[in-house]
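Labels for the chains are A, B, C, D, E and F, by order of writing; each one numbers its residues from 1.
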Amino acid sequence: MTDIVTFGETMIRLSPPDHLRLEQTASLNLSAGGAELNVAAGVARLGHKAAYVSRLPSNPLGRLIANKAREFGVDVSHMLWADGERVGLYFVEYGAEPRPIRVYYDRKDSAFAHIQPGMIDWAEVLRGVRLFHVGGITPALSASVFESQKEAMIAAHRAGCDVSYDVNYRAALWTVEEARKAQLPLMEHVDILITSLPDQPNITELLSGLEGDDPAAVAQQVADKFGFKAVLVTMRRSLSAQRASLTSLAITKNQIYTDRSYEVETIDPLGGGDACVAGFLTGYLEGDIQVGVRLGNAFSALQQTAPTDLPWPTRDEVEALIFEGGSSMRR
Amino acid sequence: MTDIVTFGETMIRLSPPDHLRLEQTASLNLSAGGAELNVAAGVARLGHKAAYVSRLPSNPLGRLIANKAREFGVDVSHMLWADGERVGLYFVEYGAEPRPIRVYYDRKDSAFAHIQPGMIDWAEVLRGVRLFHVGGITPALSASVFESQKEAMIAAHRAGCDVSYDVNYRAALWTVEEARKAQLPLMEHVDILITSLPDQPNITELLSGLEGDDPAAVAQQVADKFGFKAVLVTMRRSLSAQRASLTSLAITKNQIYTDRSYEVETIDPLGGGDACVAGFLTGYLEGDIQVGVRLGNAFSALQQTAPTDLPWPTRDEVEALIFEGGSSMRR
Amino acid sequence: MTDIVTFGETMIRLSPPDHLRLEQTASLNLSAGGAELNVAAGVARLGHKAAYVSRLPSNPLGRLIANKAREFGVDVSHMLWADGERVGLYFVEYGAEPRPIRVYYDRKDSAFAHIQPGMIDWAEVLRGVRLFHVGGITPALSASVFESQKEAMIAAHRAGCDVSYDVNYRAALWTVEEARKAQLPLMEHVDILITSLPDQPNITELLSGLEGDDPAAVAQQVADKFGFKAVLVTMRRSLSAQRASLTSLAITKNQIYTDRSYEVETIDPLGGGDACVAGFLTGYLEGDIQVGVRLGNAFSALQQTAPTDLPWPTRDEVEALIFEGGSSMRR
Amino acid sequence: MTDIVTFGETMIRLSPPDHLRLEQTASLNLSAGGAELNVAAGVARLGHKAAYVSRLPSNPLGRLIANKAREFGVDVSHMLWADGERVGLYFVEYGAEPRPIRVYYDRKDSAFAHIQPGMIDWAEVLRGVRLFHVGGITPALSASVFESQKEAMIAAHRAGCDVSYDVNYRAALWTVEEARKAQLPLMEHVDILITSLPDQPNITELLSGLEGDDPAAVAQQVADKFGFKAVLVTMRRSLSAQRASLTSLAITKNQIYTDRSYEVETIDPLGGGDACVAGFLTGYLEGDIQVGVRLGNAFSALQQTAPTDLPWPTRDEVEALIFEGGSSMRR
Amino acid sequence: MTDIVTFGETMIRLSPPDHLRLEQTASLNLSAGGAELNVAAGVARLGHKAAYVSRLPSNPLGRLIANKAREFGVDVSHMLWADGERVGLYFVEYGAEPRPIRVYYDRKDSAFAHIQPGMIDWAEVLRGVRLFHVGGITPALSASVFESQKEAMIAAHRAGCDVSYDVNYRAALWTVEEARKAQLPLMEHVDILITSLPDQPNITELLSGLEGDDPAAVAQQVADKFGFKAVLVTMRRSLSAQRASLTSLAITKNQIYTDRSYEVETIDPLGGGDACVAGFLTGYLEGDIQVGVRLGNAFSALQQTAPTDLPWPTRDEVEALIFEGGSSMRR
Amino acid sequence: MTDIVTFGETMIRLSPPDHLRLEQTASLNLSAGGAELNVAAGVARLGHKAAYVSRLPSNPLGRLIANKAREFGVDVSHMLWADGERVGLYFVEYGAEPRPIRVYYDRKDSAFAHIQPGMIDWAEVLRGVRLFHVGGITPALSASVFESQKEAMIAAHRAGCDVSYDVNYRAALWTVEEARKAQLPLMEHVDILITSLPDQPNITELLSGLEGDDPAAVAQQVADKFGFKAVLVTMRRSLSAQRASLTSLAITKNQIYTDRSYEVETIDPLGGGDACVAGFLTGYLEGDIQVGVRLGNAFSALQQTAPTDLPWPTRDEVEALIFEGGSSMRR
């Protein structure tokens, strides 16, 4: 029985090796990435059954994305396949201080952006599933995608499935104003809200008129206002383009859960937030929010120490980091 | 003073190394290619001043294409730059018998496809230019591109510039019927027609109801019917996915020009036809059709012995092949 | 419902790039390969549900093999995981005439070689499965592996599942005499026998005292003697280290099925036989032996045109090759 | 109309990947670099017309250097081509604390070192040009090169062109004593002097008997003594082999221009000084010394975050760094 | 005449490039490494004649190890060659904070592990040799290896050769208790003892019941108790997965030798301890313990700035670091 | 005791991967090559003690060449080391029909070209040595090199050592006329002469006025005229840029030795002639000319199936090819 289903777009990821700029490179490393596949892959990696639903072109690049999902043990049997359409792409230039990592998207008119409500039998997909995870990138992609996600969220609640929603604001896709206007009506279908401080516009801007700087206080107010079962706030501070400090906290109706912070030599920061979400939702599935916060932070820290958005750390490694700390050679 | 101007789309080219399939590769080699840039680059490589006009997004991939053109000495000062648009892409899987080389295009909605008549001041661009080269891929891309090319061809004649047109039929873009219907009206603006046998639908299908198998006879009929100053027929026969035999012939009003054929170990067949065109047009610019046919064949044979569509052989190498033959080690 | 289950060892495959010799290389390309995983992956690739059972160490290399299987859509939920054991490895040096491709095995004491009868609940694994595929490499690995395979074959028949057996003789593992002595008693549990001519010792040596050179006649005698439902004979002739000609034929109780032969530029010959088996078994699952022979040959020809043992061609490509022939560029 | 012309030697640059030492590497990354080409490329990158004059062998490596210049939009139509001569080379081993980056030159007897006065028609080359940039490496290469540079500097003044001179002392080429003796007489033909502190022998040693540690004071004295229109002092401090802090200041007759400093994760420090010069001269061409200092520092900081000496940052990136600061991910 | 002979196992080293995890990589960099070969190579690199004795399979991977030894100028004429056996392997995943570098061994049943006393004519091998170096990994590999090493140590003393012993405790091979029990009886054959603080269990645990934290005091007690001629204590502190601080100290009967510490950007920490030993033993061979401590520290710091376990710094570089300090670019 | 000493220049070899042209490559594969080192390495590889004498700069590239020689087991203890000089380089572009492989030399003023008579104590170097091998490239490099080689050849005869001389004519270095004039006086110091047909100017042109096409007849006349103990004629025919057919024959005073020919898929033809020489001289050292011819041909055929000039086949492989033929997969 599937524990978690995620829904969203995955793109082909292309990045020059060795800190080369795109204009000077003669080759690109190829992988795949997308927030919701990253989360599904992460939860699978940490020991639970995950499925991923999306729409892909029936060409080698589309198949490659489904292959990658399966490589992580993620079920893609509900994938929609589209003939003659295209897959989204993004190009990543790694950064070095003072040049930030840079992402260039080429995702318009992807097979996913053409998804329509009614294409997926959500009742079937979500039968017996415990968690349904979506996020705030998807509704920005097209009107039909927005409606499809809304349809899925409603179906999830109908199926008795908790809905997790990662705000994941992308300035390249829409303004804060547009994002707020579009997403506020979705909040009633959300059980677990995930947001970032301070890399994203403060949740207070996106969701409400709340005020204040303290992550826990903000989270509490948001949870109270919308009646979320849980709110996760991920906090990442860049120390340079290649170093960061991270932690997260969660609140539930009546409790706050915090954890140590990690200093990270960020080989690749992409997917770090998704890894934190995957760890947190793993704890949630296991009925232990504190475990979720710890798994999320450690999984995120380790995920950023290797290339690509996808999460390769094992649960053993994550637990070793939580319980023993890191960074001595093992042999 | 510029000798030749070409107009068309150039895309980013991405191909897995070492005969890997796209689904299995972890990296892609990156280059750029497009029939008309290939021709401009080839003519520049063979010693004449070439310029290339197109429309590119003002992002790293767009700049990369302009950089590549300049690397070959091709003038891109008339390039149109578009903000927030995308560049076309194509993915190449190298073949090995019995698997053919395979090209996957992702070129829809490129900055070039959005070009509009009036965007380019052709009178300015073509002042004093002797040859204007376009081809049959461009008009298939969008209605506005079709109109833009037509506008340019008319302007070329007005500027006293000969127009060269490579039929270059692509089944992925349109049917033979559509291709014929669209291109026939363009033929009155053409001075030099270029086509391939037998890889492309016979020119008789595309342009008329003429009959017959003999390339020279077909070329002669076409030339007569449309009043072309010259017709070049490139002839390539695949011996396997990695070997081919090639030659070409040209006819003018009153003469036929033939050449030896070359057997080629095709490291990369893409751009081979464009190299032949570049060689031929070089001869045309130098007033010697026979030289053009010879340069075209030798340049094409050599161009296919190295990766990418772009033509790296030098004129010295081409002439050494023509006059001394190939394939002994030099040291 | 799973259509086919395969059982055997998969190893990590390491090969120098660019025809480098092992002694001179500074890097190795990494993949995974094993006859029975190759077959499962091939059948999955051609459209049927496949599962693979083996025993792997619970370390990154063991996980990598399971990941690869899943990447191909092969179910590995019945995999046995072993702590503190090793995975088998093989090193491949690509050949060029007159130097043959060379494989160096380092597979002793692998987790798979330590498998014991009783470790796998075959009744559970094979419930509802239509085909169980094994081969002649496995019984050569260790006594306990031999017994485990025998146990599985008996269980397969008990479960109403046809058993397919690829003789796959490896001189590095045992003598012909040992191979015959060990395998003859297994033949009563076999429904589909697969063998190669002439790269393997003639099936007449391995299985009996039969005589004759004609593949069809030999196959018919073997089928008659052992009462096999079908016999597939794969025939490969090296034209050089980098070219081969291949075909296969099958016989059933009352018919012989032949096919055209393919000339192949063999980028990588490893896994070619397994691809043929996968194609054949696909036809068998679809109830059409003639389709199986054609799929097998075309799938094998295409599989050898890209690196690694694993089979990347799609069913569409295979059918295009069968129905349209190969080797013209598509664009 | 060309804004700036630079003159000097460009060499082929060869460096092992991945921090490998030369003795252990099996491959080298290939690029091109030379202080004066780097400056021309940088000014072109920042938006002005640049030309580069040098002498190269007419072989693939010589052409490669001219191609690279053109790739950056630098005009090389005045390049001298030499048959049968060699191109200079340098080998770069990247450093890691406590091992410094190391450059091994193999530049003796290059085509450039054989340049002779009179070979270049400087009046023609510099007609209408506003800036002519040279430096202190060139005169150390050979007597004929020294004379050629002097000839060019004099011609520049005659053409009404300001002359910029980067002291760029290289201990591998000559002693401080030799450098002073050779260069002092050139100073009368210089308008803009560029020097580094403290990586180069203090300008006081090279040019005069002046004293003092304060960069601004030293610069002022130098400017006063020689009557320079402007002096740029670049200041770089290594924090480790892979981190540095940098800034620069400029003085003119009556003013001092300073800027913030940048902390840099130096993927490749080579060309960092040249990038600063390019930025500064861009400001100079635009009539704003303060803009020049800021462009120089930001361009230099960004240039060092990617491999090779050549400057890939765009003006947009540079201005974003100046006005918005660096290092947050953009997507 | 050989100055030093070392004895132990060398394995093939395989590591993914670019911080990739093993599960995600498509290639592995290949090298060789083993504590005792590393030491022999280091001493050869620093100017003395070194020989290395081991047992290798007569296949390409075995030959590759002997080739590597020779590449460093290490004499391998006493190597034992074994037919049909395997070479040990280890897989290295580079670390980034908080993920430590990780080594996975696959060394069981290697040709070296099957070495037997009597296989090597130690009297012949060690004739005229001044130092014999072994370590604490070897005796953990198998009983016959333990006996072989003991036999060699006794033969060394008989040949008038000093014996150096690097404790080099590996938790993957045995417990501290087992290590102590096995090694204590070997101590009577040891002249120079080498150990690490604090990465290894304190020497007090391994060798005795001594107490105290101060390295010098511990070393002195150990030396006194066992009558060692010299004790070297290497001290390494990880600042992150990619930075470390290191130094070492030595004591002899009546003196303590210390040195500055080095901060290192550790491109590859493996082999760093062995490089320190090589430097120290070089000083020992030259009759100057203080020189040995300095060479060891500088050699170790430099060795860790390039990939692989093997030591590529030259004596010139080492001395430049000792006498001039590091980290300014040289050109 | 050393069996063979060779003397000549070794250069750093740089070649673009994947059939890229030099102008388009971003990296170069690095190796080393030189006819006389290749021969020494080959003889060592086939089982005899070989030493190599040359002059190299004391920098990383010079050391790399000595390291490579040692890697093959070649003794370089008599190497001359030069401070501040350069090593020769050559750039290799692999060919594909009709483009031949192309070698660009950059060897002028190398440390070797500055060698002087008297620098090497040949009496010491050649004491007890059986064969001294040199060739016709060396005397073309400089006058002092010519004299040094002559000095060495005379010393060899004085030391009772046979002298082998490979004509190895290089058109890039001198004319046939110059070559003849310079080398004829050396012939009196030669015992074994090696030449190629037809890639080199016929030996009749180089050495005499003899006539005729038949290799055996020519060889016999040459041997008779100069009194050589043996003459080896290597014969290579290019079938395309990537295929060749080769064989060789030898004559002695009273006998002719021939062998089968090999058809080769030439991954890299460089060093193929040297491998043949190495095989032949191995037979000569073993007192069996027929064995020498066979070893030479098979070793040469196998050597050309992997990259670089250096010879990696083993004696086992060579003998397997001679006695069993090639090209079936072994596993």
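To be clear about the criterion, a contact is a pair of C-beta atoms (placed from the backbone, for glycine too) under 8 Å apart; a residue touches a chain by one contact, two chains touch by 3 or more.
These numbers come from a predicted model, not from an experiment.
Taking the mean of C-alpha positions as each chain's centre, the chain lying farthest from the centre of chain F is A. In this assembly, the chain whose C-alpha centre lies farthest from chain E is B. Spacing of chain D relative to chain F, judged by their CA centroids, is 44 angstrom. Between the Cα centres of chain A and chain F there is a gap of 61 Å.
Shown for chain E are the residues that touch two or more other chains, namely 17-18, 21, 23, 26, 63, 67.
Against chain A, the residues of chain D that register as touching in their complex are 17-18, 262-267, 301-302, 305-308, 310, 312-313, 317, 321, 325-331.
Chain B contributes residues 18-21, 23-24, 95-103, 105, 170-172, 199, 238, 240-242, 269 to its touches with chain C in the complex.
Listing the residues of chain F that touch chain E in their complex gives 63, 67-68, 70-73, 314.
Listing the residues of chain F that touch chain D in their complex gives 14, 17, 21-23, 25-31, 59-61, 63-64, 67, 86-87, 89, 91, 93, 104, 106, 108-109.
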